[in-house]
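So that you can tell them apart, the chains are marked A, B, C and D in the order they are listed, and the count of residues begins at 1 in each.
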Amino acid sequence: MVVIIKKGSDEGNMQQLIGWLQGQGLEVNISRGQYQTILGLIGDTHRIDADLINGLPIVERVTRITEPYKNANRKFHSQDLVVEVGGHKLGGGHFQFIAGPCSVESKEQICDIAEQVSGAGATMLRGGAFKPRTSPYAFQGLRSEGIELLLEAKARTGMPIVTEIMDASHLPLFEAVDVIQIGARNMQNFELLKEVGALKKPVLLKRGLANTLQELLMSAEYIMAGGCEDVILCERGIRTFETATRNTLDISAIPMLKSMTHLPIVIDPSHSAGIAALVGPLSLAAAAAGADGLMIEVHNDPAKALCDGPQSITPAQFAQVAAQVKAVLEVVKK
Amino acid sequence: MVVIIKKGSDEGNMQQLIGWLQGQGLEVNISRGQYQTILGLIGDTHRIDADLINGLPIVERVTRITEPYKNANRKFHSQDLVVEVGGHKLGGGHFQFIAGPCSVESKEQICDIAEQVSGAGATMLRGGAFKPRTSPYAFQGLRSEGIELLLEAKARTGMPIVTEIMDASHLPLFEAVDVIQIGARNMQNFELLKEVGALKKPVLLKRGLANTLQELLMSAEYIMAGGCEDVILCERGIRTFETATRNTLDISAIPMLKSMTHLPIVIDPSHSAGIAALVGPLSLAAAAAGADGLMIEVHNDPAKALCDGPQSITPAQFAQVAAQVKAVLEVVKK
Amino acid sequence: MVVIIKKGSDEGNMQQLIGWLQGQGLEVNISRGQYQTILGLIGDTHRIDADLINGLPIVERVTRITEPYKNANRKFHSQDLVVEVGGHKLGGGHFQFIAGPCSVESKEQICDIAEQVSGAGATMLRGGAFKPRTSPYAFQGLRSEGIELLLEAKARTGMPIVTEIMDASHLPLFEAVDVIQIGARNMQNFELLKEVGALKKPVLLKRGLANTLQELLMSAEYIMAGGCEDVILCERGIRTFETATRNTLDISAIPMLKSMTHLPIVIDPSHSAGIAALVGPLSLAAAAAGADGLMIEVHNDPAKALCDGPQSITPAQFAQVAAQVKAVLEVVKK
Amino acid sequence: MVVIIKKGSDEGNMQQLIGWLQGQGLEVNISRGQYQTILGLIGDTHRIDADLINGLPIVERVTRITEPYKNANRKFHSQDLVVEVGGHKLGGGHFQFIAGPCSVESKEQICDIAEQVSGAGATMLRGGAFKPRTSPYAFQGLRSEGIELLLEAKARTGMPIVTEIMDASHLPLFEAVDVIQIGARNMQNFELLKEVGALKKPVLLKRGLANTLQELLMSAEYIMAGGCEDVILCERGIRTFETATRNTLDISAIPMLKSMTHLPIVIDPSHSAGIAALVGPLSLAAAAAGADGLMIEVHNDPAKALCDGPQSITPAQFAQVAAQVKAVLEVVKK
């Protein structure tokens, strides 16, 4: 951490700050310049509140050199994390397909899709029971009934299930869920992160629409601080000025996150663009760039899907995409 | 609502869609062109799920003409909403100052600040008990104890209190709170919106960092759909590419929202820029542009504040800003 | 084009507008609703100035249904454009590598790199002679001398050259240049676009940092309106809130542009992220997503490069990336 | 400037870098930590190329502490710059209204508007002769004829004129122009900046749609490096995710720029939002926040304006806005 002291600051106040920093176990190196003085802080600064120091009248600016996260930090975890879900490994060279409908609609629908995507190479089933919708007048999901239907599909196909939680009070319903998903809009719902983290069950954490990679890792840190180690990160598109696609898939997030953290990264090509025709190209791009998995919306009748129809593909299209992705993975791994 | 039908679509499929739309009580006008056919839908379309129609194979695009919100819509409420809190009116020409520290730290601190800002013209007291912090290692607020201290400051000064809720399970603690604040990061925590809306108590809804004005109104609609009528909107800066300020205050949101809704609009100049020296200029700008109130962070010792020190001003500075704002308001109202 | 007429507008004014529109050769369909009236315009609207109509007092909003570009529009060009440069085809299934240093520094440097990248699979040589730099104190390129050195490298290796023009007055220097590059910061330098278009020589048009795909195509339209047909589009990262990477590569631009236009699309993975370690993963992603080529910065001594060192890779690294990209292309084409 | 050296870097390489930096006249302070070593550079670093150092293999990151601009830097100019145009002072407490149509259309139009806005308090006349338009099919301005008409209006009213240049080759036409405007799309057309700067005539420099305040000052630095001292900065809205307004006026830019530079700042409320009804509120906000002037589009018949009609106000509306702004200025200055 580097602290810039304003020109003309009182020497006594600066010495007081230096004393306080040393009291926090940090070594302080001083570089005095014409326009400002630079304090170089050496030691474990990840628990130091940069905002607090920034608020002092003698301080011009504080710049972090080391990251404010530790559990999710690559520097302390040189080995890639491998998350095992229902016998399937994800991360560290293991790639998985998570597939299923946007919303669970009926027993027939979810079981039918589960069987089809399972046959085409998916190893985990996704499906929304609780649905965050912008409009209060839009379909909100089957809720607890949806969870039951997912568990039935799991019983029938053996696929572990991934589904989103929207409120900590629903946690009892998620006991048999294999991977709990935190949606993009809840990435900084810190109370929810803490409660979900305490379960020590795999969590799939989606990046918020306007959150930086560092903030994503800080949210992972919240979950991990509670004792959970198995966090799967998910990039699903960020909000930019471009309107041709619903969001902008940040493909660079894959290699960047690989250098910042040991946690596995999954891409959601369906929500990224919001356009079914783009699911194929974006899936191939994600695999080529080094993703550890894909989370794809598949519906047996996309045009009639109760939500997010335009971005869903059919089981047949999924099978084709999965086959191409596998071919790319083989080439890239070499 | 306008539905564009793809060139070369099957006439039967189009007639089926037209029939379904008519069944929803809409009148459908057809314009046939060389490259596409346009269906103009006339009637109450705010409950129609545009995504659903957009997913049909014959549909190229759906464009909403009327807004998807009704309770928060200016078109149905020509009179400005006036929210009354503890005898103070906000909206419809009534301007209020909401002031107080970022976090409640101690009884002495909150009572002292309350008395000072009250003396300088503030009519409502703000203070964080539950604090959303990016890092799990940063101070998280005094939580329930913080609420108690706020109520004590209310008892002492008579000021109604505004404080943020982070999770619906904390609602019992908020019974005596006058205005419940929904923070920017929870603007689309739809479960929380529903539960808070059911209380029918005034709500201050902050705009999310990357949410459009329409999405802000859709979230207000969630609260209002639950029966609550008194929603105060709050613009607190959006996330852009600019890094000189922490966020970018969207000053245009004030006149735009005035044309879109009858709900009052309050500006938070403290979080907008994250810089104490900008609180004054931005407060004046907000008043000049037509805001109904200001929500300002004030701390008796900003440099020692447990959080957000750099953006807090002192009670003396607040008094100065408030006096200038009042002078601007008098000029602008004429 | 759809024109929404405000509620309560004067019927005479509306009939006058309808008459004017019909005079422009358009057919006008009218849908009258409770809150507004919708005019559906049928015909060739790409020369109609939407802003002009939008300015009329009776108009609430104008929405384009057809695109405002024609020469660059996929609808009128079902066949992919193939641009041929020095005997190398780019587009329509033909993939090319454009490689070379950020800046031309010396005869030895440019010829050395040209030979190395040529040996590794590059078919076109890039190199900056005129360099747009944010600071007036930074190296501005060798300018006309740089062009001469590029031509010498071309003479020696037979590689056609691609280099950026910054001002129309420099055009005489570009006579022997094979592909004229328009940089991101000049994407909407319309005078330059017109003058370059008049040469009818292949142009590589980079997307501006904050320009939409439609604006990119409108700039292509400027070049094509001057008679030039061979425009190669180049995505090189857009500006977003994320700061971990210098820009955000919009990978979705590849399949989106393929649906909007027949022009070929090249990706610049070097400027996209500004990080050498990301050039490999982003190149593979681009190839997998359907790009027609890559434009990669290669330097024999990146650490000493006079500009943009951090994002350059070595010739050996380029050879590795090119080999992997070719392997991915073979898999994807199947 | 702070240079972070990677953990485990070769000591010899580091000493070599330190020697080179000292050779540039800088003092280097070394802080050695467990995870990296920090070099604090003391001295005049504004000519040091941070990218160059960043490219060295042993360097993890370079952070600037002092700004890379000098001529435009507040630190070296404690007095506000006052630009005098045709006897009217702008900056340093002097406020001016620049008004006129988007495009010059005819002698009658420009002279008529000039007389009306002059009567209402405008002291400078704006009007576009060369118009940057997104579409090649839209009206491009009267060009050289437009300049002549502006000069005629100047002769008739005595108002100095402000008009945009799009290409350096047009400079001879701008000899009698009082203030040369650089448009937002040309803010980083560095060749143009250099040539315009060499004239030593007042320049109004508009901020690009996606440019930071620092980049705006770097472009001012280009103009000033050529000898021109009179640069007026203009904020005209930035591009964000919000679509309700055409751009987002960055009101915080006013107080931020005041702390970064001594150059005066003018606000363009017309292009910021693209909505005539917002010109009033945004003008008042700008004046309240400390702007040195306003640049407002005024048209005698906005609905028929050849471009940008929706954002123009009438002379009568301008007179009203100007009167309100003056009242706010009086209150704020106290």
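In this text, contacts are C-beta pairs under 8 Å (C-beta built on N, C-alpha and C of every residue); 3 or more make two chains touch, one makes a residue touch a chain.
Only a predicted model underlies this, so the values are computations on that prediction, with no experimental measurement involved.
Enquirer: Among the other chains, which touch subunit A and subunit B together?
Expert: Common contact partners of subunit A and subunit B, which must touch each of the two, are C, D.
Enquirer: Validating interface symmetry: for the copies subunit A and subunit D, is the fraction of residue numbers used by both over half? Same or different.
Expert: Subunit A and subunit D contact each other through largely matching residue numbers.
Enquirer: Measuring centre to centre with C-alpha atoms, which chain is farthest from subunit D?
Expert: Relative to subunit D, the chain whose C-alpha centre sits farthest away is A.
Enquirer: Comparing the two chain pairs, does B-C have more C-beta contacts than A-C, or is it the other way round?
Expert: A-C
Enquirer: Please compute the C-alpha centroid of subunit A, do the same for subunit C, then give the distance between them in whole Å.
Expert: The separation of the two C-alpha centroids amounts to 32 Å.
Enquirer: Counting only Cα atoms for the centres, state how far subunit B is from subunit C in Å.
Expert: Between these chains, centre-to-centre, one finds 39 Å.
Enquirer: Identify all positions of subunit B at which a residue touches two or more other chains, and write them in rising order.
Expert: Those would be 210, 239-241, 243.
Enquirer: Within their complex, state which residues of subunit C touch subunit B.
Expert: Those in contact with subunit B are residues 2, 4, 27, 29-36, 38, 40, 42-43, 61, 63, 65-66, 75, 210, 239-241, 243.
Enquirer: For subunit C, which residues are in contact with subunit D within the complex?
Expert: 46-47, 49, 51-52, 54-57, 68-69, 130, 132-140, 166-169, 185-186, 188-192, 194, 208-210, 215, 218, 221-222, 225, 239, 302-310, 312
Enquirer: Over in the complex, which subunit B residues touch subunit D? Could you list them?
Expert: Listed in rising order, the residues are 210, 212-214, 238, 240-245, 248-252, 254-256, 259-260, 272-273, 275, 277-278, 281-282, 284-290, 324, 327-328, 330-332, 334.
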